[in-house]
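We call the chains A, B, C and D, going by the order they appear; numbering starts again at 1 in every chain.
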């Protein structure tokens, strides 16, 4: 099913009153669609409870440290944070611990040195990487290929998210040794850069040299498809290029429906926002939720795209 | 009534103190701009509890001073080159390089890391200064190219990954609270500003710096060793930027190969608010200090009042728009033209006195 | 001691080579230095790769050709380019339901208007372009985040797909790049306005005293540049099929780098659109060679920086001393 | 440092030579200057005076020859080395920094000033030096940008004279001065010379050279052609030596006044702080001269008419059509062409070919529908070059590589034979132009007037005013003082311009 297995959020929040309690949201800024939709859903979910949310969102890692410190100083009942620079946030998190302010991390994992000091609602990035590899293997096998060369355009390599996705991807791909990665480039979560690099890699390996491509997010996979089309590749179908991605946006869903993108996976902001909001309510009402929860991720392909169309349409 | 009067008195006194601090004349933009912006932002800061519903604490000031430390050395570096009529975009690259070097080489001895960073920054600055002075190239394209190259260098050094700094002692030390509102990092930054103020205000270097920015050729003819000074200025800006980056790296316990253009742009905003003009020849370290404090406090106000992030951008845009308006000669002329057109018709009546 | 009589001395004769010859010579040497590693790179000399190089030069190239005009007219650089491209892309995708033509017009109008406004403040008020465009970047970026709430803009219709077409195997953007280059170069060389841009860029005070329309010329240069940025924004939007506030990416500095590698002087009065095209392609070739040879992103950026530095210095030294 | 024996040469220059990119500017120059002597350097534009000065002051290294100061051969690598050798300089180009205060400017680059500021002592010394030059009105703490050009130049001279140098070099220091200001400066120079300091003085104002200097060296084409005592020389003799032949003075042919409808009528023109209520009717066909010292408002009349004073008010009419004020573009469209006194920064496009410069203001007329026609453009440029006496083969060279005289010909030529130009306004049309170039430019202006243009020029030079002006309007303190037509006495003009305080 398309819903996460975590406790249903709809029941959890509506009745409880948390007025007088405060939380600080040190999340991704609204300058990023993922963050914008997360913030929207998160705020809307918690609005009925009357909890006061301080907006400390930003997209700049330096500013984030400062805003986090600010949040600690304001001693809210809980700091909800999504981390931009994993190591840079380690010390501030320690300081929050020393000041006795609880911290809830969502989306990407914290630095291992503070992993035990925080609560977390994490995307399952390894799973997302595994799904991408499954998509590719499934697609290539369906075309009846017994060999295949793959190019990979990753998100910013310095981020744990990227590293975890690659870990899962490589793990699954190792089960099908006939398919192998011939090029892996850092495209910095940048659509334009993804397009440029894809153009060059496709030219480098030629039409027979690439059978599949993995763009780490939908907005990176779509430029690969464009570049491939312009380079004269056929996309999908019986013998075309298999392109997959690993977190879903509306554009990706449309592309799957159009038969171009082979598949993607969830990690949609709405689901995480709901689960995080729910976690906040459970925590503040003393229900002692588990220290760490993982959002259940789903693989999306043409077979089940209808189920996820709504869920993935917000960013 | 009395409140209003004490308010006025306090206003007058701060004005006098700050006026003396920043310079003697109020009429000149290099004095008025930083003073007014700092006063405005301080007032807004003092009023921020009205929005946040929470009294200001020492920690708010501490956090602002951390913001000041993050920006200060960069603003000082770019500000000094701007006074000299140059524009050192590469400080953003030196800043990144300084952080990367300090974190990579300073694992055991933080001092060694800082020294390595500072030496590299100075070397990069000296080479650029040498090129710019000897070949008389405009600094913008040269420093832009250096910025791109340095970015590539930090990328190569770290394989594009953020690098973690494991020396937790250093991290805790640079950010420990001093007197509740300062930290070694912000103190060092403050000292750098004061040192610059003393040196530039008390020796002939300050005069020469502004002369070089005001009229390069004339300074040369007057006997100023312009080329040597320019090499010195770029070396200094590289050093300061690298030091800033190193301290930031320690503070974050990590170094990012690409901190982006944001720090650079904020440093430029701070310098402009500090009364420096891009045309050169104008400004002083204390003005830069006021400008940097303004930017740091502004960021803190946004944090304290939990305003959305984009409102900071709009605020900066508004501040810069004021600077553009104050500084553009054409606007002044347009106003003069308008006034002349208005009085022009009355002046048509004959027999008005001939005094100019 | 250069005796006037012994003019055949090696160093003496080198000095007497006309600058054009020396510049051409240097360009040949530079190209040789680049091309030798290039042609020895496996798979470099393929049609597919040439196509990829042109295609990857197209987006930045279109913007940089426009930026050349701004630089020639003496307004230096715009630091608000990527924000404008982003906003244009949003307008373009957001108005797809009105039809491709209408959306294109709206997008172009937005780019021209935003840039021309800045050009007007610079041309008529003599504002500093760097300060002004930093302010403009903040204002446009902030407003875009505010109004879009940070969400992605998706097209309401698929009309834009036409722009991803590849007639004769080359992306449409490449043809547009060539067309824009020809138009801008022709405007600069053959029209009154273009000549006036060179004059205003060479000496603004003199142009003003001579009664040349400094303000109008500056606005025109910025407007043309705005149209180019808008075209880049439109192609970017079509290529990525959705637009967020970070779509512009590193366009600002990439465009400036291409203009500088083309040998246009930042102080104004000199430069050409064709050479900027060369600069954009050169940067593309280099990153392609490095990519093919397996160098990392860092090395690619590093080499780009060094290339920009070299060209800036060579061009400067060749064109005589600085102006200060 | 060994003092030279009394009266012996302090400076000896032997066989100095310098070439720019292989083109010789100075080929063979030798002369000596005694201690306490004021030594004049004369020569037409491009003779190499400034190049010699630059070598003496350490800005250029000689290719050949040597410089001996106080008995020692010196190698002056840079301005600082020259200062250490005791050489102070007033450069041909104004070299003070507007961004600094007067005091800071006086201290800037002076080797005698300590590294750490000592404000009080410095201020006192500065005050004394300024007072010496009759500059009691200038406050050392004023920013220099608050002063006019003439006062800035005075500050630079004060700085050089106050540096305790052994040798003071002044390259055209008085080009922007009124005669009264010049007299103050000359007195100060004589005082400095009386202390045993040697002075090298460069000027195109030959009368003042003869008046001030003890000895004069004449340069021609980079060689010294004559050195001798100034006493007994006349201006005409000097000119003969400079040019190698007697100079030709154009006959002052007064053209007939044309139809009064073809006139420029200026009524009650004001510029706040500079010009109060100026009224004049200037018919076409006559050359009108505005005579006034710096700050008299003479050049402000021209600048205001050209639209360069945004605060100007009043009315102006050209051939019955109003000339819009406050906007240079509309002024140009109204038929006004302006030749600024500052050729370099407000006149020419130095990096562009002469041809481009010649046609810069008539591009719309040369093109069709905004598109240039290269053939038309080329022909127009050729015609203009011929008309203004510019060698045709220089058309494609950047105008910045021409000599000053030729640059000025391009500048004036740009305004000629243009159907759109009805009035030609020139500010100091021959500033820094040699005698030959000057005659050529005067001829051009006369022809322009004869062809039916309104010609008005502003000048501070008496000789030029008398030579060229059919009607001379004297100005002082932003007001018109007198209007002279026909024969006029130079002394009378001088009185008008200086307020009668000085006896000319």
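Heads up, the rule we're going with is that a contact is a pair of C-beta atoms (placed from the backbone, for glycine too) under 8 Å apart; a residue touches a chain by one contact, two chains touch by 3 or more.
Predicted, not measured: the structure shown is a model, and the values here were computed from it.
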**Prompt:** With respect to inter-chain C-beta contacts, which pair, C-D or B-C, contains the greater number?
**Reply:** B-C
**Message:** Report the inter-centroid distance (CA atoms only) between chain C and chain D in whole Å.
**Reply:** 42
**Prompt:** Once you find the CA centre of chain B and the CA centre of chain C, what distance in Å lies between them?
**Reply:** 29
**Item:** Averaged-CA centre spacing for the pair chain C and chain A, given as whole angstrom
**Value:** 35
**Prompt:** Which positions in chain C touch two or more other chains at once?
**Reply:** 141, 145, 296-297
**Message:** If a residue has to touch 2 or more other chains to count, which residues of chain A qualify?
**Reply:** 29-31, 186
**Request:** Any chance you could list the residues of chain B touching two or more other chains?
**Result:** 159-160, 217, 257, 309-310, 334
**Pairs of chains found to touch, sorted by chain label** = A-B, A-C, B-C, B-D, C-D
**Complete:** Interface with chain D, chain C side, in the complex: residues 1-2, 4, 7, 12, 15-16, 190-193, 195-196, 198-199, 202-203, 205-215, 269-270
**Prompt:** Given the complex with chain C, which residues does chain A contribute to the contact?
**Reply:** 29-33, 35-37, 39-40, 185-186, 188, 190-193, 195-197, 199-207, 219, 222-223, 226-227, 229-232, 249-251, 255, 314-315
**Prompt:** chain B touches which residues of chain C in the complex?
**Reply:** 76-77, 79, 121, 124-128, 130-132, 134-139, 141-143, 145-146, 253, 256-257, 260, 266-267, 296-306, 308-309, 312-313, 316-317, 321-324
**Prompt:** Tell me, which parts of chain C touch chain A in their complex?
**Reply:** 43, 46, 48-49, 51-53, 55-56, 59, 141, 145, 149-152, 154, 164, 166, 169, 171, 236, 239-242, 244-247, 249-251, 287-288, 291-292, 296-297
**Message:** Per the contact definition, I'd like the list of chain A residues that touch chain B in the complex.
**Reply:** 29-31, 54-63, 65-67, 69-70, 73-74, 85-88, 90-91, 111, 156-159, 186
